[in-house]
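Each of the next two complexes has subunit A plus one more chain, namely subunit B in the first and subunit C in the second.
Entry: the complex of A and B
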C-alpha cells in the first residue's frame, strides 16, 4: 500500500469517525443523564434520514437547512418519547426499571422501523446531498458529499460541546449526569433536564442520519448497523463519557479502514468491515470492561 | 402459588386438549402448518422469557441463535453425514456453548451489556453467514433435509408440539428447582443474593446458556420442518418479533410467553394483507403492555380466572 493510499484511508476513516461520533455522543449523553441505554437510537438516526428526505427532496428546502430541520424534528420526537416512556422510570411508576428501559426502547425501535416501512415502503431513497462533486487534496480524491457532510457533522459536535460546556442548560445536563440527587437538591429541574438530554441525544442521532442519508441511502433499516457501532464506541469509551464517545469513534473509524486490507477478497472484506467493531467490543469486555474513560464499579 | 387445580391451570389443560385435537378437527393443512410454525415461535418466546422473566437479563440474539442452531444442524447433516436428530443435537450444543461464551463475556457486568453485546453478535453472525457463500450459499439459503421424510403436516404438527411441551416441561422443572430459586433471587436483588452466597455470575451465565440452547433447538427443528435455512431468519427484526410475542403473552411466565408466540403468529398470518402495519400495531401494543400491564395478555387472563389480583 503506497503512502497516498494510506493517507487516503486515514482521511476516509476520519470522515466516517465524525458520523460515528455524532451517533455515539447522543447515546452517551442519554446514558449519562438518564442511566439507560437507548436501544431505539438507531431508529432515531433513521428518523433523521427520513425527515431530511422529506425536507430536502419532497419540500425542497436547501440541504443545510434541511439537516437542521431534520435534527429539530427528531429533537421534538425524542423529547416527546422521553416524557411518555422514559420519565415514568424516574418517577418510580414502573415495576422493574432496568428491564423496562431496555425492552421499552427496543420495542420503540421496532415500532419506528415498522411504521416507516408501512409509510414509505422498503425501497431506498436518495435525497439531495449537501455538495456534489469531488475534492482533490494533492493526489488524494475524496467524494464531496461525504466531506461536506463530515464538516457539517464536526460543526454540530463542536456546537454541542460548547453548549454543554458554557450554557446554563448544558451545565444542568452535566450536573445531573455527575450526580442526580445532588443536582436535584441544588434546584436543578431533573425531569426537564432528562427530557432535554434525550431530545439532544435524539437530535444528534437525527443529524447523523440526515447527513448520512444522501451518502448511504435512506431506508427503514438504515439505523441498525450504525447504532451497533455506536454501542461498540460507547462501551469502548466508557458508558456515559463524552470524551470516550469521541475518542472511541476515532478509534473505530480508523480500525475499520485499516483492517479492510487484512482480507484480500474485496467483497468479503466489505462484508466483514462491520465485524471489526465486534472484535473490538470483545476485547474491551475482556480487558477493560469499564471502557477507556469509564470508572470501575457498578454500571448499568 | 395458586392451588394445584386453580381455574387458570384448568384453562391451561383445556387449551392443551384443544391444541392436541386441532389437526383432527378438519382444518385446512395450511392452518395446521401455520400453528406448527407458531410452536417454533412458542419455544423461542418461552426460552427468551426464561432469561428475561426469571433472571432479569435481556438478549437480542435469540433469532440469530435459532439461525445458528439451524445452520449447524443442516451442515452437520449435509457435510458430516449425521442423521437429522444428531444434527439437531449438534445445533443445541453449539448454541449452548456460544451462550456460555457470550454469557461469560458479558454477565460479569451489569444489565445492559448483555443487550448491547447480543445485538452486535446477532448482526455479525448474520453477516458472516451471508458472506460465506461457498458454505452457506449466502442469502439464497440451504435446503434442509426433512425431519420426518415423507410425512404430512399433521405428523409435523405433533412432532413440534411434542418438542414444545418437552421444552416447557424441562424449563418448568429447572425453574421450580433450587436453581430456579437462585434465578429469582438474582432478579429480585442481585447484590443481596450475592451476599447470601448465591454464585450470581455462574447462575446468570447458566441461564443464558440454557436459554440459548433452547433457541438453538427451536431453530434446528424449524428448518427441518420448512426444509430451508436462510439468514433472513436471523435478523434483529425477528428477535424483535420474539420480544413482542413474549411481552404480549406475558414474559414473566414461560407458559404465557409460549402462548404469546403461537397466538401472535396465528394473528400475524390471519392479517397477512396488512403487511408491515401489523408490526407497527403490535409494537404499540407491546409498549402499552410493558407500561401498563407487565403481566401480559395471558398473565392478565390467568389472574382474572383465579379471581384475585397479583399478590405481592
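Entry: the complex of A and C
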C-alpha cells in the first residue's frame, strides 16, 4: 500500500472518528452526571437526523443552520425527557433507580423509533449535505459531504469542550460529574445541571445524526449501529471521561479502517468490521478494567 | 315472560356470532402475501410486491372472484428477517387460514419458510428470492416466479464477457443471495481468464469507503464493480463509489445487482450521479408489450402512485398464478392447487409462466425458467428502468454499445 493510499485510509478513519466522538461524548456526559446508561441514545441520534431532514429538505434552511437547528431541537427534547423521565431517579421517587433507568430509556428507544417509523415511514431519506462533491488533495480524494460534516463535527466537539471548561454552567456540570453531593452542598442546582447535561448529551447525539444523515441516509433505525460503537468507545475510554471518549473514538475509527485494509485476507475484512472494535475493547479491559481514562472503583 | 326474553337474547347472540363470521369465512378465498415492509428489509421492494398483489386481487374481484367467492389478500411484513418471516408465515396459515402464499423477497427469509410450507402443506410462490437453494431444496410446495442466481447471473456474466471486462471486483452482502452473486460470477468468469476479486460484508454495513479506496488503488484498477447488496446498503455503496471518484467512471463501470436500483429511491439517493449505473431487472414493464402488461402498468400506477417495475409485476403474477391454479383445480385444497401449478401455462405480465419439473440442476425444480432478464444502463437522471438503454440480451438491446462510459 502506497503512502497516498494509507493517508486516504487514515483520513477516512479520522473523519469517522469525529462522528463516533460526537455520539460517545454525549453518552459519556450523561453517564458522568446522571449515572445512567442511556439506552435511547441511538434514537436521540436518529431524532437529530430527522430534525435535520425536516429543517434542510422540508423547511429549506441552509445545511449548517439546519445542523444547529436540529441540535437545538434535540437539546430541548433531551431536557424535556430528563425532567419527565430521568429526574424522578434523583428525586427519590423511584424504588429501584438502576433498573428503572434501564427500563425507561429502553422503552424510550422503542417509542421514538416506532414514532418516527409511523410519521416518516421506513424509506431512506437523503437530505442535502453541507457540501456535495469531491475534495481532491493531489491524488487523495475525499467525499465532500463527509469531510464537511467532520469539520463541523470537530467544531461542535471543540465548542462543547470550551463550554464545559470555561463557562459557569460547564463548571457546574463537571462538578456534579465529579461529586454530586459535594456540588449540591456548595450550592450547585443539581436538578438543573442534570437537565442541562442530558440536554447537551442529547444535542451532541442529535448533531452527530444531523451530520451523518446526509452521508449514510436518515432512517428510523439509523441509530442502532452508532450507539453500539458509542458504548464500545465510552467503555474503552473510561465511563464518564470526556478525554476518554474522544481518544476512544479516535482509536476505534482508525482501528476499524486500518484493520480492514491491513489484515491478510482482505476479502473477508468488511464482514468482520464490527468485531475489530470489540476485540480491541476486550484487549484493553484485560489490562485496564476501568478503561483508558476511567477511575478505578467508579460505580458502573 | 322471562323465558321469552332469555330466548330472544340467545337467538340474538347466536345470530351475531354466526351470521357475519361464518358467512364471510365461507364466501372469501384468502391468499397470503409476504413482503419486507420495514427495515432492515428492502422496503421499496416490499411495497412494490405488495402493491402488485393488490392490483391482482382487485382484478380478480372485478371479474367475479374465484369459484364464485371474493378474494381477500392478507399481507404480512417480514422485515427481511428470517425469524419474522417464519412468524408471519405461521400467522397467515394458522390465524388467517390462507389457501396459498405468494411474495417474500430476501432469499434467507424464503429459505427459512420452505420447511414450514412443507410442514403445513401450503403452496408458496416465491417472488424476489434469487438464491439457488430456494427451489434447490426441491420442496414440493415451493414454486419460484423470479430468477435463480444461476439463471440471472449467468446471463449477466455473458454480458460481462461480451463487454470485455478483465478485472472484476464484487462486494457482496453476507447472505444466501449475496454469496450466490459472488459464486455465480466467479464460476462463470474465472474460466475466461478474467480476474475476479470478491469481498463480503454484513448487511448492516453502511460505510464501504475503506474497501472502495482499496479497490481504487489496486493495480490494475478494477474495470467493473459488482454491488451485490440490497436495501439501503446498495444505495450507500453506489453513492460512496461515485463520491470517491471510483465508479461509474471511464475506468470502472458499476453493476447494481440488487433490485433497489430499479426503485425511485435510487434517484433520491444518487441524483444525477446515478446516470451510467448498470442494473439487472428480471422483467421490464411493457416487455412483452401485451394488453395485460399495459393494463397492469396503468392500474398499478393508479393504485400505488408510482410507476410499475419488475418486482410489482412479480407480485401481480404471483397472485394470478395461484388464482389460475385454483380455477383450473376447481378447489382450494393445497394438493389440488400445487398439482394445478405444476401443469400451469399462463400468459402473465412478463410472458408465459410455467414451472419446470426438471430436477437437474437442482434449482430448476418448480422454477419458471423463462423469466425475462435484462442488463440495462441509465442514460438520464430520474429515468425509469424501462426507458434505460438495454445492453443485454443482444437480441433485445436498444443500443449498439455494450457499455456507455461517462
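In the analysis below, the second predicted complex is superposed on the first by the 289 of 300 C-alpha atoms of A that agree within 3 Å, B and C clash if a C-alpha of one lies under 4 Å from a C-alpha of the other, contacts with A are read in each partner's own complex, and residues count from 1 in each chain.
Criterion: a contact is a pair of C-beta atoms (placed from the backbone, for glycine too) under 8 Å apart; a residue touches a chain by one contact, two chains touch by 3 or more.
Since the structure is predicted, the reported quantities are computational estimates derived from the model, not experimental observations.
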* **Combined model on subunit A: subunit C and subunit B, fit or clash** => clash
* **First (subunit B), second (subunit C), both or neither touched by A:99** => first
* Go through the superposed model and pick first if A:225 touches only subunit B, second if only subunit C, both, or neither. => both
* To do: State whether A:43 touches subunit B only (first), subunit C only (second), both chains, or neither.
  => neither
* Asked: For A:16, is the partner it touches subunit B (first), subunit C (second), both, or none of the two (neither)?
  -> second
* Asked: Which partner does A:274 contact after superposing on A: first (subunit B), second (subunit C), both, neither?
  -> both
* **Touched partner set for A:117, first subunit B, second subunit C, both or neither** => both
* Could you tell me if A:82 is touching subunit B, subunit C, both of them or neither one (first, second, both, neither)? => neither
* Touching A:144 in the superposition: subunit B (first), subunit C (second), both, neither? -> second
* **Overlap of the subunit B and subunit C footprints on subunit A, listed as residue numbers** => 117, 221, 224-225, 267-268, 271, 274
* In the complex with subunit B, residue positions of subunit A that touch it -> 36-37, 39, 85, 88, 94-96, 98-100, 102-104, 106-111, 113-115, 117-118, 221, 224-225, 228, 231-232, 235, 239, 267-268, 271-272, 274-275, 277-278, 281-282, 285-286, 289, 298-300
* Structure fact -> Listed in rising order, the residues of subunit C that touch subunit A in the complex are 37-40, 43-44, 171, 174, 197-202, 204-211, 213-214, 217, 232, 235-236, 240, 243-245, 265, 268-269
* Could you pull out which subunit B residues touch subunit A in their complex? => 52, 56, 58, 60, 105-106, 108-113, 115-117, 119-121, 123-124, 127-128, 130-131, 236-237, 240, 243-244, 247, 275-280, 283-284, 286-287, 290-291, 294
* Structure fact -> Residue set of subunit A touching subunit C in the complex reads 1-2, 4-5, 8-9, 12, 16, 117, 121-126, 134, 136, 141, 143-145, 216-217, 219-221, 224-225, 256-257, 260-261, 266-271, 273-274
